[in-house]
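Here is the structure we will look at.
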Amino acid sequence: MASQDDLFHPVIELPEAVRRARYHRLVGLDDIKLRLRKEAVLLADPRKLQAWADAHHGGDVAVLKLFADRAPLFVFAGDVGSGKSALAESFGCDLADQLDLPVLLYRLKLATRGSGLVGEMTALIGDAFAHLHAEGRRVQGPRGVNSVLVLVVDEADALVQSREAQQMHHEDRAGVDAFLAGIDSLAGAEVPVIVVLCTNRVGALDPAVMRRAAATFTFGRPDDRQRHAVLTQALDGLAIGPETVDKLVARTGPSTGRPGYTFSDITQRLVPAAILRAFPDQPVRDEDLLALAEELKPTPVFAEEH
Amino acid sequence: MASQDDLFHPVIELPEAVRRARYHRLVGLDDIKLRLRKEAVLLADPRKLQAWADAHHGGDVAVLKLFADRAPLFVFAGDVGSGKSALAESFGCDLADQLDLPVLLYRLKLATRGSGLVGEMTALIGDAFAHLHAEGRRVQGPRGVNSVLVLVVDEADALVQSREAQQMHHEDRAGVDAFLAGIDSLAGAEVPVIVVLCTNRVGALDPAVMRRAAATFTFGRPDDRQRHAVLTQALDGLAIGPETVDKLVARTGPSTGRPGYTFSDITQRLVPAAILRAFPDQPVRDEDLLALAEELKPTPVFAEEH
Amino acid sequence: MASQDDLFHPVIELPEAVRRARYHRLVGLDDIKLRLRKEAVLLADPRKLQAWADAHHGGDVAVLKLFADRAPLFVFAGDVGSGKSALAESFGCDLADQLDLPVLLYRLKLATRGSGLVGEMTALIGDAFAHLHAEGRRVQGPRGVNSVLVLVVDEADALVQSREAQQMHHEDRAGVDAFLAGIDSLAGAEVPVIVVLCTNRVGALDPAVMRRAAATFTFGRPDDRQRHAVLTQALDGLAIGPETVDKLVARTGPSTGRPGYTFSDITQRLVPAAILRAFPDQPVRDEDLLALAEELKPTPVFAEEH
Amino acid sequence: MASQDDLFHPVIELPEAVRRARYHRLVGLDDIKLRLRKEAVLLADPRKLQAWADAHHGGDVAVLKLFADRAPLFVFAGDVGSGKSALAESFGCDLADQLDLPVLLYRLKLATRGSGLVGEMTALIGDAFAHLHAEGRRVQGPRGVNSVLVLVVDEADALVQSREAQQMHHEDRAGVDAFLAGIDSLAGAEVPVIVVLCTNRVGALDPAVMRRAAATFTFGRPDDRQRHAVLTQALDGLAIGPETVDKLVARTGPSTGRPGYTFSDITQRLVPAAILRAFPDQPVRDEDLLALAEELKPTPVFAEEH
Amino acid sequence: MASQDDLFHPVIELPEAVRRARYHRLVGLDDIKLRLRKEAVLLADPRKLQAWADAHHGGDVAVLKLFADRAPLFVFAGDVGSGKSALAESFGCDLADQLDLPVLLYRLKLATRGSGLVGEMTALIGDAFAHLHAEGRRVQGPRGVNSVLVLVVDEADALVQSREAQQMHHEDRAGVDAFLAGIDSLAGAEVPVIVVLCTNRVGALDPAVMRRAAATFTFGRPDDRQRHAVLTQALDGLAIGPETVDKLVARTGPSTGRPGYTFSDITQRLVPAAILRAFPDQPVRDEDLLALAEELKPTPVFAEEH
Amino acid sequence: MASQDDLFHPVIELPEAVRRARYHRLVGLDDIKLRLRKEAVLLADPRKLQAWADAHHGGDVAVLKLFADRAPLFVFAGDVGSGKSALAESFGCDLADQLDLPVLLYRLKLATRGSGLVGEMTALIGDAFAHLHAEGRRVQGPRGVNSVLVLVVDEADALVQSREAQQMHHEDRAGVDAFLAGIDSLAGAEVPVIVVLCTNRVGALDPAVMRRAAATFTFGRPDDRQRHAVLTQALDGLAIGPETVDKLVARTGPSTGRPGYTFSDITQRLVPAAILRAFPDQPVRDEDLLALAEELKPTPVFAEEH
């Protein structure tokens, strides 16, 4: 069986300062954050669902059985730079804070695709889920779980691309099947594992994967409110006037034939470019920011139709 | 020869509680259930067909010979989430109850496609059928069979894709041929084996496979009656009003440009989402369910034309 | 050199009861049956041709030389379920009866395509023909041949697909060439071997193969007369009225947008389904058969244009 | 270095009775036959060209040098059944008769394409030409050559397909190059070797191969005169009336939407079918032949545009 | 782990005379040169950004954190011969001069694509970034960095082609992911490494790579001003009249249906051709240059739509 | 490192009689011949350029530096039979005569494409250039070079096909890159090596290769003047009248829908065919030549659009 290092990037114990800060910078995603928090609570302590049923429905509800049959699988779909990966790798900080438990972040290595021997990808994906099962049982303590596990599969389309595609290689189809088997094995296993698939090609995911998702969240480029929040955060301390920020919000939004800025277009390109234009001899001026927002083209949209 | 573990997922002896419950949750499939039951009865004790002929047709009917030439092959075709796999893996519980015999559920491993050496898939499929033959003979007792075998091939299109496809790899064509040979070897072999192919791409199955099927059953997304039954079961105990259930039946049905909900959309997504929205502070309310049924998009249809 | 078991399915000595019955069930194919019988007679005893020439043409005819140059190759082309494979594997029973000699039925293994090493398919096909030559010489006795050999290649398009196809793999082209060489080696070799290629994609066969065929027979789905005969046979003993059989003949025939039933649609699907509907409590009734003939869709046509 | 058996089918020493008869049956190809005869004479004894120049042009002609630079390569292009392969493998009989020398017929094995190791095809083709060189030197005697070598490459398009095709595999391109190198090595080598490429896809041959051909001969399906001759030969002794032969010539010719018969359609299909229809009880009658000529479809044309 | 020699071409310490000269010959690229210089200054001594914030914004600015999260990645996009590779490999000379520090130029070997074992490319790219990290830490001295590292990836599209392309091989997708991981690992790592991707197919780069770029610079063919400067430099000493240079500028510019000259068309083709036409007996004359500028066709544009 | 025999066809020392004769038979290519001669002179003794600058421009010219940066790469583009390969392999004879030095002709083996291991092609191309470098240094004597090296890559498109082609294999792209690196390594290396790429698909060459070419020469089919010269040479001694030659020039030229003859169509097909028609009993007559020129179709044009 492949070792943990073969299967995952180094496991990160959350909360962790950088990721917690990222989590809080992700504005406008409150619904998703709340849903994830609740899912984790129930995984960490399934008795809470019974308690809720007792309190609000007199206890005897059929739905409790359905929960045992569900896979804790979430799909985060959206364009590059929309924050989906950032959220996937940071929401565990919030869970950790809420549950007062450590959260272990597992990130599937793309090398899980194997070294090319047919059948190996299937084996590696099997090993990865076996690992999570073993770990999930290990964290069961006498008084409930003592940590929660999050598995993030970034660029998930590469792993679980739809078997509809006729040109798909058999080994890849087998990999999808192995993944489906892994997910199914989590359903009802009573291990505190949440799986998140991130993709910018949601249409490319296999329907059998999609069907198993407890929920699919779609991440867009930031809207006006989100861009305003991000710009305000990023420009803090530079004495940029509020009306300039408003103009920046407008200029970084979508217009005809051009998409809006991504989160990272603002934080990693627009604002640093303004700093570097000013550095080392001048302050950042409002007009420089506005001019750069005219010049700088947003990251192109990932064309799923390709 | 490959071992049983190489060829099949762990064999499950039916009846088994979880699968029996699933079988009974599958509402609206009575015709299929009855047909499968009769097939199994005749496989378990072929003399019953003669007895029937004696009783109803005076005994001497040509058709008895045809039965010896048939392969006990069934195709379950339908969309993801339509219950076809769930039925394939659970109808053995009913057979077991009817025959008062254990039913052994074999599920072909996708690894049967082999480790990539040309010729290996052919060999593995051959081994799988050899296994069933050996087991089928083993269960013959002095007073008839002492169990029935069910082989389920899920995602069967991957295994027996039509050789019409020009880009098909030779090894795959050989795999189809090996499968055909396996099916043919069961015809007249007098072993109590039923083979079920599940696929959401029935159009992709090889015509020579289709032609051998004793019957092809098409599974759709649940109709109004089925959704009503499923919703009633799932919401049991939550005190949801019957008129709300009726509205949910309507809202989860197909509408222009949108397919209806799958079974799993209802049981694994809609109802759990309602619970999680209420949890931990409120009861589930009728209006929440109705609102969610508006929001939640059904699983996309598997596009066979792709 | 590969062993006989590597090259062929188990060799069957004809006549054999099951195949003889199949041969006689194949109604409406008298021309083909007669032609095959004559070919076999001449292969078993070539002197009979000279005798015929003596009797009817004064003996000295050029055409005798042509016969020495011909390959005893026949192509059976037609849709799935049209009876071509059944005839190919059973006409040897008739030959055996006519010649009062055993007929050995060889069925080429699809594994002849080799284990993937380039050049191996070529070698295996060469071995297969070498085997037939050796066997063909062995059956030569002091007073003529003491048996006749029939080689059946089912799904022949997979083996001798037209080299016109540009995407064809070189190894496959080489396999076609090896097959051509094998056929050519039979021409004039004076061994009693008949080769039959079955295919449902006759348009996919290599023209150089087609050109070598002594004859190409096209098998359609059964016509009214054939369906009537098959239905009458299959329903024998069930007391179905003749007018019902006539209606069944009509309903199982082709109609707009739908092909007619295949032989196997009738014998393996329609009639067994009627039995199973009646079983165990009722007799088969005329109206059940008629209703089923409405419901049951014929096997789809193998789409060669694919 | 690969052995002769790896590279060529068994070498045949011409003249040989069967092939000589075939050569004479090939009617209507006199120009090609004469040209091949002259080429062979010059290869067998190059001094004859100088003698000719002396006799007819006073001896000092520049063209003698050109002959030293030419490769003795001929392309026989045409449809299946047009007699091109038959001529390629039999014209050596005529050479042998003309030169009163044995002619050795080498037929390149298609296995020369190698066992799949990249680079091997290149090596095998190199070996094949090295073999011809060695043999060509060996047959040089003190008084001129004591035999002539003919190398036939049937289905040559498979070996020297145009490198224009973008999807061509590198190894195949390298094989074409190896063949070009082999041909070039014969130019001026003063070994008595004639190379003939047969193909029914002349448009698929690499232009660099075509350019090296001393001549390209195109073989069509037989014209009226040729069909008349073939029919007369084949029907000899059957007492078929000349007017029937004329009608057969007409009916076997091309008509709208249907190509004419090939040589082999006449000799291996039409006439034998008539014999078999008559056999064993009747003579062949004119009307049977005419009826069969209506029924029997000619071999389809090899579609090069495919 | 692969050695430095496996991963990179020989590392070059800048400044170096030839490259410094090239840097100065690249006229008209001042904005890019300035930006690169500032980036390097901040990487070499991040405290300078704080100093700037102190001086111009009172010190406490949020943007300082953003800089820690940025990857020092630049994309140089443009046609062949536009100077992008020349700049990528020479701007380190300027950095070295500005910082008074050596600059180490790493050029990724294309062999980093691995020797074909699946997974190897992923490993090699990982090793390459690990190397830069190790080296980047090694150059940290007690008083700041003692050198700056520049990694140039020429023909970057081959390495980080968009995973949008459906026909992309899995190993290549994994390589893109490995590259993304490498870039992400540099963000915040506080090692003085600048990464430059050169490509003439910017549209082929993966959006996830593009999104991480601090800036994307587009290089066109030289405009009038740039061609004038290059021509003046190149013709220095040949006594070509200024009006001839003006005419050359016009003639080497783009016209209908024809692109303008590249830098190298001027320096490596036009001027040397004029020299060689004159050599050895005549001086270069104005009319020769003008005539050659008419004759010589510019390098064709790299057609990204291909 | 691969040996010289693995990399190159046997090295030929020029001048050599056959190739010198070919060189002189190539009429109408004087511009190219002169340019190649001058390039070789400068490579053999770079001081001559300085001497020329001193004599004609007062010595101090910038362009001398550009020469050090150039790669001595030439592209010979043109149709099959246009003489490009003949010139590439024979112009060294002229250089040898002009410089009074031996010229070593290296012809890259197509096997340089490697034995199929990924990375090997890259290695072999690297080895080939390393060989030329080593040899180029070895021929440096105390009084200048004592020989000049010419590397000819025939069918160069197979080696350096444009990486624009999306379906190109990575290994091939890496091979192009290795070739580019090899060419770049010659620039400024002061070794007397000239590289010539021959191709009939110039549009298929990688733009980055094209850009490095010192010059691209396009070879067409021979024009009237060239055909006249070739015909006159070839027919010398046959007493063909000049007006017949003129008619032949016209008939072998291009006409509507038909390209003109290639050089080899004239020398290897038309004239030999006339000889063979006359041989052995008659002289070649003017009318035979004219008739043949009507009949004989020119070699088809290599269709680059394919």
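The first chain written gets the first letter, and so on, giving A, B, C, D, E and F; residue counts start at 1 in each chain.
Everything that follows uses one rule, which is that a residue touches a chain if its C-beta (ideal position, glycine included) is under 8 Å from a C-beta of that chain, and two chains touch if they have at least 3 such contacts.
All values reported here derive from a predicted model rather than from experimental measurement.
Any chain touching chain C that also touches chain D would appear here, but none does.
Averaging C-alpha coordinates per chain and comparing to chain B, the farthest chain turns out to be F. Chain centres were defined as the mean of their Cα atoms; on that basis the chain farthest from chain D turns out to be A. Fitting chain A to chain E on C-alpha positions gives a rotation angle of 60 degrees, to the nearest 5. Distance between chain D and chain F, defined via averaged C-alpha coordinates, is recorded as 34 Å.
Between the Cα centres of chain B and chain E there is a gap of 59 Å.
In chain C, the residues that touch at least two other chains are 165, 167.
Around the ring, proceeding from chain B in the sense that reaches chain C first, the chains are ordered B, C, D, F, E, A. The part of chain B that touches chain C in the complex is made up of residues 35, 38-39, 41-42, 48-49, 51-53, 56-63, 66-67, 69-71, 117-119, 122, 162-167, 170-171, 173-174, 177-178, 207-208, 210-215.
Looking at the complex, you find that chain C touches chain B at residues 80-81, 110-111, 113-116, 155, 158, 165, 167, 169, 172, 200-201, 233-239, 262, 264-265, 267-269, 271-273, 275-276, 278-280, 282-284, 299-304, 306.
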